[in-house]
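Shared between the two complexes below is subunit A, which pairs with subunit B and subunit C, respectively.
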Partner chain A sequence: MSFVSFEYILLLLACVIMFYVLPKKVRFISVFIGNIVFCYSFGFTNFVIVYGSILITYLAAVVLSKIIKYRKSLCLIYVAIMIFMLFNFKYQIFGVGIVPMAISFYTLTCIGYVIDVYRGKYKAEINVFKLAAVFNFFPIMVQGPICRYDEVSSDFVKVKFDFEKFTSGVKRIVYGVFKKLVIAERLGIAFENLSKMNDDGTAIFLNIFVYALYLFTDFSAGIDIAIGSGKLFGIKLPENFNKPFFATSISDYWRRWHMSLGLWLRDYVFYPVSFSKVVVSANKVIRGKFGNAAARKFPVYIATVVVWFVTGIWHGATANFILWGMLNCVVVIISLELAPLYKKFNKRFKFTEGRVYGVFRCVRTFMLMGVLRMLDYNTVGGYFKSLWLMISDFHISKIFDMSLGIATADVVLVLVCMFSLFVISLIKKDRKRGIIASYAMIAIMIFATVIFGMYGIGYEGKEFIYIKY
Partner chain B sequence: MKEKNLFTLNIKMLIKIFGIFVALIVLLLMAQRLLMPKYTGKMAEGALTGEYYESKKNHDVIFFGDSEVYYNFSPEVLNEEYGINAYIRGNANQTMWQSYYLLMDTLRYETPKAVVVSVASLMKEEVEGEAYNRMMLDTMEWSEYKYSCIKESMTEEENVISYVFPIFRYHSRWNELSKDDFKYFFGEPNVSKDGYLARKEVVPLTRLPAVKPLSDYELSQKALEYLDKIKEICEEKDIKLVLVKSPSQYPYWYEEWDAAVVDYASKNEILYVNLLEAVDEIGLDFSVDTFDGGKHLNMDGATKNTKYFGELLQKELE
Partner chain C sequence: MRTLMDILDEMDLYEENIDKMDLVEEGILDSYSLVALVGEINAEYKITIPLWEITPDNFRTIESIETLINKQKEK
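The block that comes next holds the complex of A and B.
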């Protein structure tokens, strides 16, 4: 079942109605049923794997909350099992022929939950159906966001129907569908077309921009639909983006892009690695040999390397993704090392406080990320070849002659929409708008999506990109 | 007092929201009208189904079939020569089940004395493609028969929703709109004369394509099932059923097919007229009477053909 389909809208509508009609104590049943229908639409094997993982998670958390001895060992065994399952199914080690939907996302959610129970952050959920309703919450079962148990479980009993929140949810869903069908699908065609011209430096260069916008509109559209759907049930899912193209450095970019993954890695990889016994012991040695400054940096750098290695491998266990992670890591560490120098530079030259320099930093970050992101769609060999071609075979005059595989009218439409998105992103999110204005906006977006959306006969819609991760 | 104000505000708000969605629906309907293909001038076949509803429903005879019907028979000639008031409910590549549902649709308005069904589609088990479905179904009025016809005709890639809301099918035409789309926004002039598409051009038949032997000469079971249904409803409504094969020179009409139709007609005591066998009697000259090299007849050919067939039809109606 696709996120942008009549089937999904019908399922969502049915579950939401059931949710508010059912007695408060058993509301989670509507979500549970929605989850089962959605999960089963991807096949029986998928269903068994997803619910099998949730059952293991449930048992691990319940046992952890009951025992006093061997808690750490049990927690580690559980994490190992889940990671093995993730790798096994994602990379088909002992393949079952399918990659379960959203396995990379819900596995992290499950692991986070059991670790939190182990840490005593909250008690284990004893109602397995409620746990399944939360972890397999169908709007997040496509491409996240990666949730914490306490965020999603926001007691179903307490939720009251709030027309304003409901409106906001509907608006977010419509906005997501608009972004996916009107913008991302067109950019997807352009990206595929330019990717075929992998021996043309100008096409490779242009594709950096096209892919960046494609990836953002596609991924954020799915997140918009998920967050909007959550709001209909009174569930506030975490945001995943915060204007990433306004980032002024790579570190800043990663605080704005796929935020739920970043925060998960911070809490369950970065901090545990930084404060692990091995790192603390090694740090003592480093402090003795190289002094306090080195000792302050060592745990941070070690944890950063591990985090980026995990991030790379989470995206794909291939050389290109591992290199992508490591290059990000190198840039982040260099930025950290050069931070004092930047500070001095900024203090010395007043123009660095101006808007022009701010824009320059955004463009610089955008380009740097674009170059790193080329590893998403290139092998390592192809990546370096593309970099070389971009330098040796780039002709600015050819840019306007490039065949994008879409009509000129489509290109104009995408540019107009992207400009609109840019303007929307400048408007403060917390600014209160009236319900009537929201519905007028919803109506305009529905109209634009119906007319300009890329769907229907003769057109094969593209899956969300992040569904593969 | 506060409660009352809140209530008033909510009602006002709900009315406004309702108004917004009404405006959205109106705009979408207007956009749908604009984006749906206009058939005046090009691909006239797409307008045929819809034009029937504008005609006076007092027909003696109604023809059903594909292009072998709407190009080769002229209701005007039937009326002038024999006083038979006829209409053609034909479409490009119309299948037998589509003919059946169009007959059922027709019976909602009138009960003709006779129904003439072209047998040219009897070997067709499937529709030719989505484009033909759209041309036949888009302008058909909504009824249970349209729904059933859609369900029966749809290709794998189609869905019913796009027939209920054709904007979902035609939305992508936004960047190919032409002057005609705006010109005919409020309606199109008729392209046919009682379902007949007249063609004046002459493109003579020079050489017939080679006849390829088939691995299987069986008629389509599905088409025969629907022909049975047509027969049954005609019997029930006391309508005379006539089967006809137009004198089109190709696609080739195999002897085996003809024999099967002859057999079916005799078993069911139905008149079957194979006009291919009467080309000389009709007086057809395929060097001047066809507009596409023998496939279909032009106006002169259709006039000759209709005059000949009209005589047989008149006898059948007596």
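The block that comes next holds the complex of A and C.
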């Protein structure tokens, strides 16, 4: 079942109606049924793997909360099993022919939950159906966001029908569908077309921009639909983006892009590695021999390398993604090393406080990130060849003659829509708008999606990019 | 023994009126500087701040950090 389809809308509607009609105590059943239907639509094998993972997670957490001895060993065995399952099914080591839906996302959600129970952050859920209702909540079973159980396990009993929240959920879904069908689908065609011209430096350069916008509109559209769907059930899913193109450095970019993954890695990889017994012991020696400054850097750098290796391999167990992770790591470590110098520079030169310099930093980060992102769609060899062609074969005059595979009107439409997104991103989210303005916005977006959206009989829409991760 | 302010100064994080600031909101502490700071605190006060206590709320203000240190000292 596609995320942007009539089947999905029907399923969502049916579950929402059931949710508010059922007695409050058994409301979670409507979500549970929705999850089963959605999960089963991807096949029986997918269903067994997904619910098998949930069952293992449920049992591990319950046992962890009951025993006193061997808790750490049990937690480690559980994490090892889940990571093995992730790698096995994602990379088809002992293949079953399919990659289970959203396996990279829900595996991390499950692992985080069990670690939290192990740490005593909260108690294990004893109702397996409620756990499954939250962990397999069907809107997040496409491309996340990665959730924390204590944040999303809203008490279904207490959810009251709030018209304003409900409308805001609908608006968010419509916004997501608009972004996907009107903008991302067109950018997807342009990206595929430009990718074929991999011996043309100008096309490679232009594709950096097209891919950045394509990836953002596609991924954030899916997240909008998920968050909007969650709101209909009173579930507050975490935000995944905070204006990533406004980032002024690579570290800042990663605090704004795919935030749920970043925060998960921070809490379950970065901090644990930084304060692991091995690193702490080694750091004592470093502190004694090289002083406090070196001891401050050592755990940070070790954990940064581990986090970026994990991030790379999470995206794909191929050389291009591992290189992508390591290049990000190098940039982050260099910027950490240069941070004191930047601070002095910014204090010395007042122009660094101005808007022009701010824009320069955003453009610099966008370009650097774009060059790193080329590894998403290139092999390592192809990446270096593309970098060379961008330098040796770039002709600015050719940009406007470049064939994107979409009509000029489509290009204008995408540019207008991107400008609208830019304006929308500047509007404060908490600003109260009148009911008429809210409905007008929904109506305009529905109208624009119906008129300009790329869908219909014979049109094969593109899957969400992040489904492959 | 170094005070918390000494450590922050040594880390080049000290700013005027830092005791009235939201260190997370102001961008003074991010996950990188937080790891470095916790390492320094653990080494200086001979304590071990548990992983689950390393949250933005516990490091939001100088006061909350001092409360956390005192809590760990008492253990």
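Definition applied: the second predicted complex is superposed on the first by the 468 of 469 C-alpha atoms of A that agree within 3 Å, B and C clash if a C-alpha of one lies under 4 Å from a C-alpha of the other, contacts with A are read in each partner's own complex, and residues count from 1 in each chain.
As a working rule, contacts are C-beta pairs under 8 Å (C-beta built on N, C-alpha and C of every residue); 3 or more make two chains touch, one makes a residue touch a chain.
Nothing here was measured: the structure is a model prediction, and the numbers come from that model.
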| request: Determine, for the superposed arrangement built on subunit A, whether subunit B and subunit C clash or fit. | output: fit
| task | Could you look at A:Lys343 and tell me whether it touches subunit B, subunit C, both or neither (first, second, both, neither)? | result | second
| query | Which partner does A:Ile396 contact after superposing on A: first (subunit B), second (subunit C), both, neither? | reply | neither
| message | Looking at A:Val356 after the superposition, I want to know if it touches subunit B, subunit C, both of them or none. Which is it: first, second, both, neither? | response | neither
| Touching A:Ile427 in the superposition: subunit B (first), subunit C (second), both, neither? | neither
| query | Thinking of the overlay built on chain A, is A:Val278 touched by subunit B (first), by subunit C (second), by both, or by neither? | reply | neither
| query | In the superposed arrangement, does A:Ile68 touch subunit B (first), subunit C (second), both or neither? | reply | neither
| With the two structures laid over each other on chain A, which partner does A:Val21 touch: subunit B (first), subunit C (second), both, or neither? | neither
| request: Mind working out whether A:Pro299 is in touch with subunit B, subunit C, both or neither, as first, second, both or neither? | output: second
| Vertex subunit A, arms to subunit B and subunit C (CA centres, degrees, nearest 10) | 160
| request: Could you tell me how near the closest CA atoms of subunit B and subunit C get once both structures are overlaid on the shared chain, in Å? | output: 39
| Intersection of subunit A interface sets (partners subunit B, subunit C) | none
| task | Would you tell me which residues of subunit A are touching subunit C in their complex? | result | 119-121, 251, 255, 266, 270-272, 274-275, 280, 283-284, 287, 292, 295-297, 299-300, 303-304, 336, 340, 343
| field | Of subunit B, residues touching subunit A in the complex | value | 13, 16-17, 20-21, 23-24, 27-28, 31, 35, 130, 157-158, 161-162, 167-169, 171-172, 174-175
| request: Would you tell me which residues of subunit C are touching subunit A in their complex? | output: 10-12, 30-32, 35-36, 38-40, 42-43, 50-52, 54
| subunit B-facing residues of subunit A, complex | 6, 407, 409-410, 435-436, 439-440, 443, 446-447, 450-459
